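Dumping the structure here so I can ask a few things about it.
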C-alpha cells in the first residue's frame, strides 16, 4: 500500500516517517509540506541517509492519484479542509488533527476556529483503536484521537462502560511532555522557560475536554461533565493522566486490576500493570503502548487510575498507523513493535 | 542569636546554610553531621570559601551549651530523638522531619517506624507560619511542616476554614522535584531513571496524608479523608499541588481570587495570582514564596487550586527560618528576601 | 545612585532586576523596553509583588535626566547606538552587548552587522573586573565582557601574562547553557530540540573569538589565533570552558594551582579549586563566582584548565553590577553576595 | 543462533534485549544475572509482556551447553574472568567490558584492578566494526570497544591512517550522557546533582585513554600520547567527542569531508555530515549511527572533528550486535536498523 504524508515537518509527521520507513506493508509514496523542494533531512538531520525523499507541495489531486492512504499531520484548521478533498476522491484518510473529532458547534466553542461541515465530521470514525476496531475496519476517514483523550479514555473505559462509578465524579489530572506543543517555537516551549519547570495551562478550557466527554457519553449516557487539567512536563515525550473517580461499590485493587486485565486481554498495546507497580512515562517512550495502573483507596472509596503513553506514538502517529493496519485488514501491531527506549 | 544545624549534609541542611549565612540576626554557631571533621565544602564544593566551618559530631550537651536555637535537618526517626534532648535543656528547636507532626499512632502506621513519646509530640507546635504564628511565637519546639503539606494547606485553608466546600470532595494531585528524596543515592532518584520521566509513587500511602488531614480537621472538623497522590517531576526543586474540591455554592473565579487575596493580605510569602495566570514551579525557585492560582469550572461546580513552592525553601529550610524569625520576634521575612531565580 | 535598565525583558535585564532590587547602593530608577506600559511581572510573573514598576519606552533624554547610570541589556546592533546618546550626556553606561568590545572592522566581520564608530569603541573600557579595575574606576563607558570571554580569559590570564605557554597552542572547548541564546523563541532553543541533546554551533565562527584574542594580545603580544568551539548544553544557566595549552616548561599541577591562587588572591569572585577537585557549572549557579580548576598532564606536557561561571551572572548582569560598584568606588562585592543555588 | 546475555540488569544488558528481541537471526536463549529467579520486568518494567524470560544464575557450563554466542555485559573485573571460561568451551564471546581491550600492564595502571592473563587479552579481537571487520569475521573472542573510544577512533581514523596530522597534537574533549555510568546509584549520577549541571571527571586519568592510544598507534606508529578529557552531560544517552588536531597541510573543509565520505562509503552506520551541518547527540539517539562533522580553521590550521554516538548503542550493545553479525557472516546491519528517536 502506498502512503502519503502531509504535514511531514511537524513532530507527528516525523514520527510517521520513523514508523512507516520500516513498515512491511506500507510504502512511503510521497511526503508533503509547505516547505517543498527540501530534502526532509534538511529539516530533520537525524533522517540523513535514511529517508532520502524530498518534501513536495500539497497538491491533493496529484497525491490522490498515487496514494492508497493519506496521513494528515497538518494543524487543526487545515487538516479538515484537506480531508474533504481526499474523501471526495475515495482515498483513505487518517487525520491526526482535532478537526473531525467533535461536533461542529463544540469545535467552534473549544477550538475557537471555524469548523468543517458537520457532514464530514459525521463521516469520520473516531480512531480509538482498542474500542472502535469494527468501525475502523470499514472506514475511509478516521479522526485519529488526541493524545490526552487516548490516555484518558483507555484508562476510564472499563469502569465507565460497566457503570461502576459515580457519573458526576470524574477528575482527570493530565500531564504532557513538550513535544505535544509541536515544533513551532514559542516562549512556553522554550528550553529556558520549560526546563526545571512545571506549569498548568488552559485549566478547564482545554479543547480535548469535549472529545473525551463525547466518547464517555457514547459509552455511558449518564456521564456528567468532567474536570480536566492539563500541565506541561519538562520532558520531550510522554503523557500521564491521573484520573480520580468515585466507585459505586467497594472493590479491592486486585479485583479491579483483574477486571481491567480481562477487558484488555486481546489488546496488544494495552498493558495492565500489577498491583503497586505504577507505570511511568519513560517506560513507554518510543513505543505504542498504553500502560495502566490503578489503586482503590479504602479510606475514601475513590479509585485512582494512572495511564501513560508516548504522545507522539499511541497519542498520534503510532495509533494512526495502528488504525491504518486495521483499515487494511493487517495485524494491528504490524510495523509497531517498538520496544520502549529505556533508559 | 546563635544557631546550630544538625544534619547539615542533606539538602535541607545545605539550604539552611545558604539562608543563615546571610541572615542579619542569626549566626551559624556550629554545623553537625555524622561525617564529622570534614570542612563542609568537601561535601558541598559550592560553599568553598563561603562557609569555612568544619562539620562536628552530634554531641547534644555541647551544642546546647553554645546555641540559642537548633535546626534539626536530620531524617525522620533520628530527629525526634534529638529534639527531646534539646527541649530538656531549654534550647529552642525546629525539627524539619516528620517525627513531631502527627500523633504517635498515626506515625507508626504511615511512617512504619517507632514514634517518639506522645508527650513530646504534644509539646511541638506545627510550624505552618501563615496560620500558626501566634503559637509559634511562644513555642520552644516546632514541628516544621512537610513540603507537600505546606503547599496543600496554604492553598486549601481559605475554603476549608470558611466551610465553602463539600468536606468529602478533597483530591490533591501533588508533584515534587527530586531533591525532595534527599541526597542519598537511590535508583528512583538516579538521573538515568528519573530524567525524561514522570512517575507516581506511594499512591494513597504517602506519609504526608495524615499531616494534611490533621491540620484540615483542626480548621474544619467535618473534613473527610482526602485523596492524595504524589508524583516525581524530573526537576530538582519545586512542588506543585493541584487540588480539586466541590464548591458548596456557585462562585466566580474572580470573586474567589479576591477572597484569597484578602485572606493572605498580610502574608508576605503568599502570592495570590491574577485570573488565568497560573503559577509555575520555576517562578518560586530558590525563594520562600508560595504562589497560588485557582479556577472555578462552571460546568462542574468544582474548584481547581494550583499551589507552588520550592520544596527546599518554603517546603523546608525557608519556612524553618521563617518560624525561627517568628519565635524570636523578628520580622518574618528577615534573611528570606530571595527573589526567585528565573530562568 | 539611580540606575535605569534598558532592555529589561531579556534574561540579562531580568537578572539585573534580581540583583539591583536588593542592592544597598543602587536604586532602580526606571526600567525600559519596547514593550512599554506593561508591568514587568506580565513578562516575568516571578517578579509579581516584588518589582512593581512598569516598563517604559526608551527615551534617552528622559532617562538621562533621572539616572546616574544606565545598564544596556539590549541586543547587539541596538546597544551601541544607545550608548552613544548617554555618553554624550555624561551619564555612566554599562553595555552588556558586544557592540563596544572589539574594533569596528572585526565587529563587521564577525557580527555581520554595522559597527558603531571606532571613536565610541575606543572610549569604552573593557569591563573584565578582575583585571581592568583601575581603568573601570575612572570610566564612564563600559563594554561588559561576553559570557564565553569572561570564563575563558579569567582561566587563561595567569599563564598568558607570565608567558608560560606556547602562544600557538590555545584551544578552548566551550559549553553554554541555553539562556545564553536569549529569550526570543527559536527552534534551536526549543525544549524538544535542545533537551537530551548537545550540539556544536558556529564552529570556528563565534563572534566572541576576536574579543578573547584582543584581550589575550593585550596581555601577551605573541599570542596566535585561538581555536574556539561553542556548544549548547541542555541546561538553563552555566558556562564551562575547557582550555588546552602547551606549557613551556614542566610544572606540577599543585605548583600551578598555588600560582593561580596567588594571582587571584584578592579577587573575591574567583575561586581556585584544590587539586583534582574540578568545578562544575551548578556549583556557581545564581552566583557571581568564577571557579577554576586545572590539571597538568605529565604525559603530554599540556595543561587543561576548567573554568565555570553562571552566564547570566558573572557572564552578564553580575559582572555588570560588579563594574558599576567599581565605577562608583563601592566594594565590588556589594549586592553580589549570592550563594550558589545548590542543588 | 542462540544468544545468552550475562549481566542483563545493567543498561548494556537491557539494550541488548531491546535489540536481540527483534533480531531475525539471533534468539535470546537465556538471560543471566546475580539477581536470579526474577522475571526481567521486575527490574525493567518497560519490558513487561515483551520479554517474559526469568533471570538465571551465572553458570558457565550450563550456558555454554545451550548458547552459540555469549554477550558479557558484566562489569570490568568480572567480565574477563567469565570470558576465559567460554573461550575454553569454544563458545563465541563478545565482552562489552574493558577487560580485554588493553595490555595487562596498562590495565593494571589505568583500571587499578587485576588484569586477566595477557594470553587471553592477546586472543581477543578489538571489535571496532568499521575497521576490524576482517579479523572479527574469524574471531571467537571480541573485546567490544568502549563508548568514548568508538566515537573518538571513528572520527580520527581517516586523518591518522593517512598521516595527515601532527602526531603530537591530538586533543579529545569528550562528553557523555549519564547512562554511561551504569545503573548502580551514586551521588555523581543522582538527578539532583547531575541535572542542570556539567562536570569534568578523571581529567587526564580516564581508563579509555590507553584504549584509544593503542588503536591509534596500530594505525600510525608516530602518534604521541593524547590529551583526553571526559565530561558528564545532563542527558541520559549520547556521547560527543570534539577532537582537535593540527593538519600537516592546508586543506579545505569541503575537501576533507569528501575524503571522509569516501573512506566511510561502505559503512552503513557512519554518516559523514555536510559542511556546517554538525551532528548533535540527539540525532543518533536509540540508533547505531556514528555521525561525524568537521571544520578546518584556516586561521589556525587546526581541524575540529565532531563525532556523536548513542553510548548504549554504537558505544556498547549496538556495536556488540554488529560484531556478532559480522562473526556469523550476516549483513552487519541486521536487527540494527533503528531510526534515531527524534525529538
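A, B, C and D are the chain letters, set down in written order, and residue numbers restart from 1 in every chain.
In the analysis below, a contact is a pair of C-beta atoms (placed from the backbone, for glycine too) under 8 Å apart; a residue touches a chain by one contact, two chains touch by 3 or more.
Heads up on the chains, UniProt names are A, B, C, D = N-acetyl-gamma-glutamyl-phosphate reductase.
Keep in mind it's a predicted model, so treat the numbers as computed, not measured.
*Asks:* Determine which of the two chain pairs, A-D or B-D, is joined by the larger number of C-beta pairs in contact.
*Replies:* Contact tally favours A-D.
*Asks:* Determine, among B-D, C-D or A-B, the equivalent of interface A-C; equivalence here requires over half of the contact pairs to be the same by residue number.
*Replies:* B-D
*Asks:* Using CA atom averages as chain centres, what separation in Å is found between subunit A and subunit B?
*Replies:* Using C-alpha averages as centres, the distance is 38 Å.
*Asks:* What is the distance, in whole Å, between the centres of subunit A and subunit D, each centre taken as the mean of its C-alpha atoms?
*Replies:* 36
*Asks:* Averaging over Cα atoms per chain, report the distance between subunit B and subunit D in Å.
*Replies:* Once rounded, the distance between the two centres reads 45 Å.
*Asks:* Scan subunit D for residues touching two or more other chains and write them down.
*Replies:* 11, 179, 192, 195-196, 234-237, 279-280, 282, 285, 343
*Asks:* Once bound in the complex, which stretches of subunit A touch subunit D?
*Replies:* So the residues of subunit A touching subunit D come out as 11, 14, 17-18, 21-22, 44-50, 179, 183, 195-196, 236-237, 271, 273, 277, 279-280, 282-287, 291, 337, 339-343.
*Asks:* Please give the residue numbers of subunit A that touch subunit B in the complex, ascending.
*Replies:* Touch list, subunit A to subunit B: 171, 173, 175, 192-193, 195-201, 203-204, 224-227, 229, 231, 233-238, 240, 242, 244, 276, 278-282, 285, 293, 295, 297, 299-300, 302, 304, 306, 343.
*Asks:* In the complex of these two chains, what residues of subunit B are touching subunit D?
*Replies:* Per the touch definition, subunit B meets subunit D at residues 11, 177-179, 181, 183, 185-187, 189-192, 194-196, 234-236.
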